[in-house]
Amino acid sequence: GGGGGGAAASDLLGAIQERGYILVSTDPNYAPQSFLNTDGSRPSDTKCPSDALTTAEMQGFDVDVAIAIGDSLGVETCFATPSWDAITAGSWADKWDVSVGSMTITTTRQQVLDFSVPYYYTPAVMAVAASSGIDSLDGLAGQSVCAGAATTYEAWLNNDMEGLGLPESSIYASVPEGVTVVPLETDQECAQAIAAGRTDFVAYVTSETVVNANIAEGMPVIKLDGAVYSEDLAAAFDKSSTLDTASLRAKVDELFKAMHEDGRLSELSLKWFEVDLTVAPNQ
Amino acid sequence: MTSLPIVKITDLDKYFGRLHVLKNINLEVPERQVVCLIGRSGSGKSTLLRCINFLEEPSRGAVEVDGIKVNTETKGRERHQLIHDVRLKTGMVFQEFNLFPHMTVLENVIEGPVTVKGIDRKQAIELAEQNLDSVGLLFKKDEYPLRLSGGQKQRVAIARALTMQPRVMLFDEPTSALDPELIGEVLNVMKKVAYEGMTMIVVTHEMGFAREVADRVIVMSEGKLIEDGEPEKIFNSPQDPRTESLLIRYKSGGG
Amino acid sequence: MTSATQQEASPSHAELLYQAQLRKERLFRAHVGVSWVILLLILIFLFSGQKIQIGQLEYQTIQLDSEFILKNLIFIAGGLGQTLLISILSISVAVTLALLAALGRLSNFPPIYAISAFYVSLIRGTPLYLQIFFFFLALPQLGINLSGVVAGVTALGLNYGAYMSETFRAGLSSVGKGQREAALALGMTSSQTMRRIVLPQALRFAIPPMGNDFISMTKDSALVSATGFVHELMWRAVKVGRAQFNNLEALIIAAMFYWALTLILTYFQSKLETRLAKGDR
Amino acid sequence: MTSATQQEASPSHAELLYQAQLRKERLFRAHVGVSWVILLLILIFLFSGQKIQIGQLEYQTIQLDSEFILKNLIFIAGGLGQTLLISILSISVAVTLALLAALGRLSNFPPIYAISAFYVSLIRGTPLYLQIFFFFLALPQLGINLSGVVAGVTALGLNYGAYMSETFRAGLSSVGKGQREAALALGMTSSQTMRRIVLPQALRFAIPPMGNDFISMTKDSALVSATGFVHELMWRAVKVGRAQFNNLEALIIAAMFYWALTLILTYFQSKLETRLAKGDR
Amino acid sequence: MTSLPIVKITDLDKYFGRLHVLKNINLEVPERQVVCLIGRSGSGKSTLLRCINFLEEPSRGAVEVDGIKVNTETKGRERHQLIHDVRLKTGMVFQEFNLFPHMTVLENVIEGPVTVKGIDRKQAIELAEQNLDSVGLLFKKDEYPLRLSGGQKQRVAIARALTMQPRVMLFDEPTSALDPELIGEVLNVMKKVAYEGMTMIVVTHEMGFAREVADRVIVMSEGKLIEDGEPEKIFNSPQDPRTESLLIRYKSGGG
């Protein structure tokens, strides 16, 4: 099991290069960021540990970014898929090297994780049930709104600015009066509950990319105009790692900057999202 | 036979699968008669007894207890009701006692009256205590069955059946699971019940009891009643050679 | 025969032996108690964050954030009521269904028998998570819109009912035929026989596995919070754990409450076992 | 006595009655089978997406995306091996621990007794999720770094072992004292007595609740996937379901495999029950 | 007493809690002797028998079987080993048969030799079949105990004990759970075993058996051996009034 360890080196980058692959954690709950390629099969010559997934078995924007990291280090990219909780909690016990999973940089997460520079930015938007007839944020006053449990979206709905942990400048709207928050397992369940005809809530908050995907899938929801806030999404490293992550972080930062500059990230964004999300919104 | 039959069995057959266990049994037992049923192991004594209160379903024929008649034609709800009525008229005492282990002696005895007849609990306790007293076990009323000797268990079982005030008592080898020493106490209780005028059908190996208490002895063999008469007649001048060999066995076998 | 050199032991000797026996039993209980305390201390030590040195090796035990624990204890404890409520509701549904299903398996009316068997097979055969999901997200498509709690309790009750019915079935088959016959011979109806004679005895064997079900139900009740409106122990623990990156601490707080519940349940279970064993020992 | 109007029934009559009895049994089985098929059809109809009209009301049954099902069936099925592997490993660990713990509860050496009781109490008292989390992410702090599968199997085995030991305890107490004494009188050691005489009889009562444990283990094995390196049935179903917005379809695919596993386990369970009941009926 | 004692009990006391059940028992049984132990219910007969093979732990005193001596001072591993040896020297037959219900008759009988003595299975079967034959039950070897009558069960239990080739056989009321009709067959088997020279200690109510087979009858009362002698002597001229009243009970109680 697990990734790291093996090498005697005390430096994570060195260990990765020595073993010839980097083990990236990502959460394949979300298309198009990160999801399974159910047609792909494991290549026979892979260096990935037998219980890790290979690049052939995963797809999505995050996956392509992760592969770019591996390529730049000259090693193979492999994937671990622990639960989101296990990733965000830190203390990875060196079981994987880095998280490339559209993780929002927040101040609380920074207590246990180190972040790279952002590799893209997504606006958080409000989606409402088409049948509700609501067409503005104000129209949601006094209604129930859904969000994935323990996400930044839930924190925003709860007016928990500390939990949200974003700079004032990235927050564009405040929560309508008297909203009841309904946290479900993931924001995907929010969309599905509305599609199934449940009436426990009339709207949900999540990233624009997810809402776009929901609408493309034909779910009976509409997207309210205007982002409620914007998230900086980055790769994350474990602060409690027994190996030094500094040199790897530097490498990843360097790579992301280069990819922003030469347009490789924009290209990937257009490929997976059909819009370019790699430009900081306040720029 | 002087009085009306209280148990009447007509053309009764019983099969277990392909095995023909009771073969066209016809029997009438008048009120207050004490009948002892004897026969070799496997001759069908228990099955006959259990057909009377429908613990076994007869395959064919009629059983009538105190005017309630159930035959092969009786079906459905009516049959259900009639069988229930027959069971209220009969009390049964098993070889293995079958006391309810999760209830005290007193609870065992009042269970029937209270649950089945809906008698007031207080009244049931009174009745139960009378009967426990008459089997000499009132002092054990708050014990659990486990703590009783076999003889005591069987006497409680008799008290339990009596407290339902049945018209007929059926005993299936009530003493054969007991130490010889304890048999006496149970037989004495049974004698007492008999002398108080209860109709009784008793499957037993206790020849002494049969001789002393029974009005009539019936011998079974291979599912048929082969001999029927007063104890003295059966014991002293059996007509059937099978009865003879049975009696010899009893004499040599018992202690 | 050797001649009897000794007279009958004096009563005080009997008393001495008896006292020795009692002492031995008390000693056993005391030793067990001490062992428990030692084990508890080891457990606590494991989470004390202490450093220990064994020869060359230096060990660091697990460090918990005690400030976090103190700060969030009350918040997490606030879920206890919901956990209890859902557990009690679900277990009531489950016991009822289990009994019906177990009796259905004894029925000689084919549809009843088949429905019982089908129910047990289908529900044991599929994941609880799907069942909750089904009641919450698929039933609305049939126009049946259950609230989160109702959907959750129904699903949990159905699920545990199926498992428990197997336990009951085993218990029922442990009661001898003679008991049924004695009850029938007294004129009891089959339902009276079942209720008054067979079930109380069947329970004796069913109690320990049922205790298992009750205890694991307290934990599975957490799944109901997936429906969004139930904020029980585990939900609260996961929430604060996630938000403040102290999952282990948060889970341990929840675990302490669950353990307390379990100890209470176990206590009543052993009381009940002793009571039902009254006629048995 | 009424005179015997009828001679002893002819042998053909006995045969007729016997055949009637057999026919009745066959009929019962056939009816049960038909009822099962009907119930299955109802279940399938519920998910057929058909519209039905009852009087004024129009109902739409649940619509499944058959294209999704066909496309992902094979992928999800690929998790069967992992599910089986983890279940089998965990159940082996569990049965071993359960036996040891149940025997420990019979020990009159206080530490052994206390350890068994403590183990059962602690593990039943805390959530499985915490236990997996602990073995995977907290133990490394003590320098014990288990892989996902090993941590998961250890946690699952420990967890089920604790529950199962209670089941065993109930089974062991159902074997009469006379059986032990007969074995001891033959000169058997207590371990031989346990192994050859008591356990086989205890199993009779323990089989149905153990079947429960085996069956629910196949589903709880899914929890191991939280550690990130196990991709069993449920993990695959949830991931493709979520990513492609077809949770219900994906879960139903997984459920079909679980149900198939359950049917197989149930079949063996009933075989075993019949075998162990041989001397009993 | 002509030969060496094979069972020797010295100053044995047994308490259950505060209850003094065996009071300073001293007893020697020479080889090949058949001893019948009689006494009222609760007098301690079973407890004494069970102390000989340590199914009950004596509270005080020594038990010696075929030279293996265990007393209060023997402790720990050594005691464990010695008790095991004693059990190999003794065979026990219980009132309730205690056959293993999950094994066939043959499996019941070879279980001891194979598991305990490690005898080759084939050889064990041979031995078992001999013994089953001698109790007349070879034809039932593949049945499960449930399908046997009580008498048959008890004969299997005897065969099971004999197949271990013990030096002493202990019988605890082997016939008292049987129908009188079936008692004979078990007593006959026991007689056969006795005539083949086995040392036997038999708790029994079967006076006929005691009279015919026993070399010696011992009477117990309230935990003490109150009378000890040849059957004729005990039965015809009992010394103790308690023996007398016991014998009267047996005569009236039994069938």
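Annotations for the structure displayed:
A, B, C, D and E label the chains in the order they appear, each numbered from 1.
As a convention for this text, a contact is a pair of C-beta atoms (placed from the backbone, for glycine too) under 8 Å apart; a residue touches a chain by one contact, two chains touch by 3 or more.
Note that this is a predicted model, so its numbers are computed, not measured.
The fewest steps needed to get from subunit A to subunit C, moving only between touching chains, is 1.
A rotation of 180 degrees, rounded to a multiple of 5, brings the CA atoms of subunit C into register with those of subunit D. The busiest chain interface, judged by C-beta pairs in contact, is C-D. Look at where the CA atoms of subunit B average out and do the same for subunit C: the two points lie 45 Å apart. Taking each chain's centre as the mean of its C-alpha atoms, subunit A lies 81 Å from subunit B. Subunit C and subunit D have Cα centroids lying 17 Å from one another.
Under the contact definition stated at the top, not a single residue of subunit B touches 2 or more other chains.
Residues of subunit D in contact with at least two other chains: 133, 137, 141, 247. Within subunit A, the positions touching two or more other chains are listed as 85, 89, 91, 189, 192. Pairs of chains that satisfy the touch definition comprise A-C, A-D, B-C, B-D, B-E, C-D, C-E, D-E.
Touching subunit C in their complex are the following residues of subunit D: 28, 31-32, 34-36, 39-40, 43, 46, 59-63, 108, 110-111, 113-115, 117-118, 121-122, 124-130, 133-134, 137-138, 141-143, 163, 166-167, 169-170, 174, 205, 207-209, 211-212, 215-216, 219, 222, 234, 247-248, 251-252, 254-255, 258-263, 266.
Only residues 1-9, 14-15, 17-18, 21 of subunit D touch subunit B when the two sit together in their complex. Partner subunit C is touched in their complex by these residues of subunit E: 10-11, 13, 15, 17-18, 20, 23-24, 26-28, 59-60, 224.
Those residues of subunit B lying in contact with subunit E across their complex are 40-41, 149, 173, 176-184, 205-208, 249-250, 252-255.
Considering their complex, residues 136-138, 140-141, 145, 147-148, 226-229, 235, 238-239, 241-248 of subunit C touch subunit A.
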